[in-house]
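Alright, structures below, take your time with them.
Heads up, the next two complexes both have subunit A, just with different partners, subunit B and then subunit C.
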Partner chain A sequence: MLTRRHFLSGTGAGLFLSGYPVHGFTKNAIKGRIVVVLLEGGMDGLLAVPPIGDDNLFKQRRALVASNPLKLNPLFGIHPNFKNFSSMLLNDEASIIHATSFPYVGRSHFEGQNVLQGGMLTPFSIKTGWLGRAMDIAKTAGKAMSLETPLIIRGANDLDNFYPARIKHSRLPSSETLRLIQSTHLNNAAKVIGKLTKNSMKMGVVSQARDPLSLAAEAGRAMREKDGPRVAVVKIPQFDDHSEIGTDTGHHPELFTLVDRTFGKLKSELKEEWKNTIVLTMTEFGRTVKENGSAGTDHGYGSVGLLAGGLINRSSVVANWPGLSNKDLYEKRDLYATIDYRSICAACLEAAFGLDHDVISERVFLDKTIPRTYGHIFG
Partner chain B sequence: MDTFLDKLIKLILIVFINTYFFASSSNADTSVLCLQKFLKKTVFVPGSLDGVWGDKTENSINSLLDQAGMLKPNQNISAQDAKEVCNLLHSSKRDELLESGKFKVFRIEID
Partner chain C sequence: MSDNKHKWARKVGFGFGPNELLPTDVESWNNSQLTSNFKSVGMAKRYSDVEIWPQEYNFSFEDRLRRAGEYNEGKKEIENSKKLTSVEKKKRVRTLRDQTDVALFDVYKFWNSAIYGDDMVKQRLTHFWTNHFTVGGGGRRNYIIGDFIYRVIYGNLNASFDELLYKVTTHVGMLDYLDNAESVGERSESARWARRNGKTQGLNDNLARELLELHSVSPERMYTEDDIRNSAKILAGWGANTDSVIRKFYRERRRDNPAIGSLGKFIYEPYFKDRAEPGRKIVLDNKFRSGKKSLRQLTDMLANDDFTARHLSKKLAIHFIGESVNQSEIDFIYNVWKDSKGNLEEIHKEVLNVTARSKERKFLWPSTWMFQAIRFSGSSFLPGFEDGNASFYKAVPSKLNYEPKKILEELGNSFWESRQPDGYSERKDDWVSTEHFDRRIKVASRIYSFQPDRQGEEIAELLDFSDNTKIAIDKASNMRDKFIVALCSPDFMEV
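Moving on to the complex of A and B:
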């Protein structure tokens, strides 16, 4: 029988590049770059960034706290597997948002992913994604290099997406089609598209789609070009650890290493453009505060968001810490989300695309009440 | 003619008014209360709104002003500064302070 977990595992990693400036369409291409790292399955934020200064952490979780987290300040530490990210924190080019989530408390992967990509309060209430709508407003909605177009980058304007596959007589475009696609771009953009096309055809979709690090490297190389894509979405699946989640070692810590190396790879490949970039992680929900009987954690609410990039000037942990005593938990089991993660996405859009907060809240998230967090992250 | 019960109720009322109204008003400071009411609108909660300067009020106002970049190095706001700070909270800096006080920022202190 196909279980939900097997389904999520089987979907694999993926990369979606979008916002290529298109000759004759894009005016005044923006300088900023946004990379969204989608952590599918629900990352355990308390394991990634433990609030070591909160005594209730050790009362609630007997086993699931790393033995040697790096102490960031009196309240927070970070799992030692985040080596690259910790260096970025030290260099004032990364920040952490804790006790945060999209405003979704239903604990369903499918609804949660839809809310975080659509950016609406209700799942399946809109056919476009918040990043796609922002790209429309910033007039950077260009080509998407993807087999499918994930909800998050779908905008009101039709996205011209293209991703060559090797299936005979199916999606493999003719040389004439390739020539036409390249002809809509100039100079470096044309080169990048040509190179990506060749690479993806040579490597095959499957092998490429299963390796987040090579996808991150590809994204970084493409995005550092002058006419390269302004937006990338990297998917890392398999965070749904209901059993044997791991503490110092194990499955979740291995995924932390993968996320950490993705940050490192993006930085090294973006080179000079790193200074114009913001990378942010998103996960559909956090996990329960207490471990379950199988040494794992179940679907929860509040989690953590990791941000990195040269657009950050001073590292910090931003958190309205709700506490971990039983009375502080959401429905007596989950970390409360006291920061709406839409406000963090809004700040990233403001930093990378130069859009006004009011425009973002009203036209991207269709909600005027979203608070402005820009000053707390990028100020 | 008052009954014993009436007299008892009057006595309790007099004791209550003396203990809580006059006593608290003698300890309460309007400037401190001004700070506490402002802090209540932020995430830097001051404890109860009693107009009495205590550790919670002192920590909260110093944390807020520090985060907003309105404290000089090694400056610490204490009870005697309450009036001056109250004026600051109602100056043109008010909106900036309210904005800053929506979220707490914990600086990175890696050695």
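Moving on to the complex of A and C:
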């Protein structure tokens, strides 16, 4: 389904030959940092970044277009709640990818989240994540800002979590005892307890808050350390708004503010390291172009990806706009995805880890046909 | 069958505590576990005896709505008061919340049943099905989740799967959680009225999609978007959101409305004809007429579909046997499913049979692990239900003990939390992380603080731990640490 309108096919992919050298990075000292912000539930990309230059937008959606979007170019505007992100766009440190998705059209959250994190075309077909596989090749560490280790970073050797416990009157036993517990386990469980033992010996006070914004701040703080993780995963749940999603205000717009403040927080906490960072959002699918009967939108296909960080040199909205008239929609209901978001993830890996595109396509996504989009975002 | 009865009871239940008699014949124990009528039990105080769970804490659906309504109305009154300061308002709202809370008692009942109940296999099955049919918690829905767990799930464990599927699908909690309460047939009376008034109303396919994907046939069935849409049309008209059910119920009650009978219908079968989609619908090549009865036809068709039998046989096998269960083990359950036409009692019996023969190991959910740790060790970690809502006893509300509820949340495994409709994972990988293990270890330490009768070494002996783990327990420097090592070893996390 993606081949029909694949955005780079025949449009200059040849310009970016595989093996294109990436300046300054060697495998031994990765400077780049990647933060993935998982927007769980399916963000409505047309509400976040409305194609206000497409008249069909207003024909298809009567209510769900913000009344005062910030105009980015003749075609696109952005929801006014993206304040930090807008100024990053002005500063040439953010970009937008529109009409994009992982190649998954099944509209199931769980399959979609699995495809998006596993990076395979078939859901539930792999036990590691694309980011984890890339980290394994680049030999770099990562931290998930959640109770569990999300699939996306599994497969990497050095993984940690951060989601502070609130269990009264209890603390960890001595590191000797932790090592004894570790000795009873094998594989990943043993590794995890090893990490826990190490963490338990660190001094200092860490934040106890567990909201996405505080977790993003903690991720930024950890990542700016010299020996800190190079990868972090932050989750923002509850995008699955089937009803009353809000236009200027309401639930989806509030989530936009949260996403926006997450970008701002990461920038302010990463400090000097922001210049070596790329932050990207991912969501399992977009939502229907038309609003449903309860002022919400149902599961769809194409959505939007937001990228920011100092690794970007020039802001742009990258899209091969499929259009919004009925005949342009996927199965007459969804925004088409004309850009395979795997190719965007690949470009981010190339920029941050200095990995060769061919290595990424073959060993991370296990698909040689993924086009190289590096030049469109980091060129 | 594992000849170790302690291990067996952990595989399908929560294990036998230090004061429990082991069954002489496991097979008849299995049967009685599935078929007997059990009484809920509980403890008033942490060190008191176990007794019958008090009737006043078995909330009927009406009780739940009444208490939720009292909270809603009372809160409004407090917040609109011109005399109170904002600090006083907050304090009063908190007191009111404590006085009307229901979820806290449901959580206590949930713990008490797992730790002290005679019906441990039924409890485990209840956990499985409650998770399969996830109704996310939080907010007002927490007033009715206990109704879903105990009346709908526990109450139908021995019914047929089609019965369970219909009851789950039409429960206010499910209809609210998956937005069906917002769904209106596009050609319904209500939508036509809305259009005349410049508004739009239409379908919301959330519940329809999960009904097919998660609750019954699964994506393997290769249904189409039209099948989902038509299922949504059949579902249109069902449901009212929890808040409005509470409001309506409470107001009618206050007015002493003699028409309370119709209210029962509104609660138990929340169907609104004016929002239903007229006309015929086709789902998976089957035709459905318009009307209320078409939903039962739909859920029956889905419940009896071959793909549902496959999907759920596998899920049950993975839950009880382990994630590397082999296909032939799944097939035994599947065959019984088909032969019995989805009779849950027969199916559950076969799950026990196949589990008994299997050599696979299952990595337990954190909540199952914790309940087993408390029950098996004999720790008195659980505070009694009287400690649950102290304000009932006119004590200071600050004494209210939310710990049991919070610990389940900390373990990432609470049925009263908001979460995705696919429920808690059956895969070990999803439960292994530094933070997950941090909590396990801390909870194990906390359990130890309440004087377990069985210490680490005894636990290892009774459950045939590996030599490697026994050595680690031996090396730990004190009794607490020995206990923690035992509970946090793979020998106890898996069974």
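Simple rule for what comes next: the second predicted complex is superposed on the first by the 289 of 379 C-alpha atoms of A that agree within 3 Å, B and C clash if a C-alpha of one lies under 4 Å from a C-alpha of the other, contacts with A are read in each partner's own complex, and residues count from 1 in each chain.
Definition applied: a residue touches a chain if its C-beta (ideal position, glycine included) is under 8 Å from a C-beta of that chain, and two chains touch if they have at least 3 such contacts.
Just so you know, these numbers come straight off a predicted model, no measurement behind them.
S.K.: For A:214, select first, second, both or neither according to whether it touches subunit B, subunit C, the two together, or no partner.
M.R.: In the superposition, A:214 touches no partner, neither subunit B nor subunit C.
S.K.: On the A-aligned overlay, A:373 touches which partner chain: subunit B = first, subunit C = second, or both, or neither?
M.R.: A:373 contacts subunit B only, not subunit C.
S.K.: Figure out whether A:107 sits in contact with subunit B (first) or subunit C (second), or with both, or with neither.
M.R.: Only subunit C is touched by A:107; subunit B is not.
S.K.: With both complexes overlaid on chain A, does A:242 touch subunit B (first), subunit C (second), both or neither?
M.R.: In the superposition, A:242 touches subunit C alone.
S.K.: Report for A:291: first if it touches subunit B alone, second if subunit C alone, otherwise both or neither.
M.R.: A:291 sits against subunit C, while subunit B stays out of touch.
S.K.: Return first, second, both or neither, reflecting whether A:89 touches subunit B, subunit C, both chains, or no partner chain.
M.R.: After superposition on chain A, A:89 lies in contact with subunit B alone.
S.K.: Quick check on the superposed pair: does A:339 touch subunit B, subunit C, both, or neither? Answer first, second, both or neither.
M.R.: first
S.K.: In the three-chain superposition, say which chain, subunit B or subunit C, touches more residues of subunit A.
M.R.: Larger number of subunit A residues touched: C.
S.K.: Check the residue A:72 against both partner chains and state whether it touches subunit B (first), subunit C (second), both, or neither.
M.R.: first
S.K.: Contacts for A:321 in the overlay, against subunit B (first) and subunit C (second): which applies, first, second, both or neither?
M.R.: Touch partner of A:321: subunit B, not subunit C.
S.K.: Go through subunit A and flag every residue that touches subunit B in one model and subunit C in the other.
M.R.: The answer is that subunit A has no such residue.
S.K.: Where on subunit C does subunit A make contact in their complex?
M.R.: So the residues of subunit C in touch with subunit A come to 179, 182-184, 186, 191, 200-206, 209, 213-214, 219, 225, 403, 406-407, 410, 412, 418, 420-422, 429-439, 441-443, 445-446, 449, 466, 468-469, 472-473, 475-477, 480-481, 484-485, 488-491.
S.K.: Mind pulling up the subunit B residues that touch subunit A in the complex?
M.R.: 43, 99-100, 102-110
S.K.: If we count contacts the way the header does, which residues on subunit A are in touch with subunit C in the complex?
M.R.: 40, 62, 106-111, 127, 144, 146-149, 151, 154, 159-163, 165-174, 176-178, 180-181, 183-186, 188-189, 192-193, 195-196, 199, 238, 240, 242-244, 291-296, 298-299, 331, 333
S.K.: Which residues of subunit A touch subunit B once you look at their complex with the stated criterion?
M.R.: Touch list, subunit A to subunit B: 70-76, 86, 89-90, 92, 314-321, 339, 371-373, 375-376.
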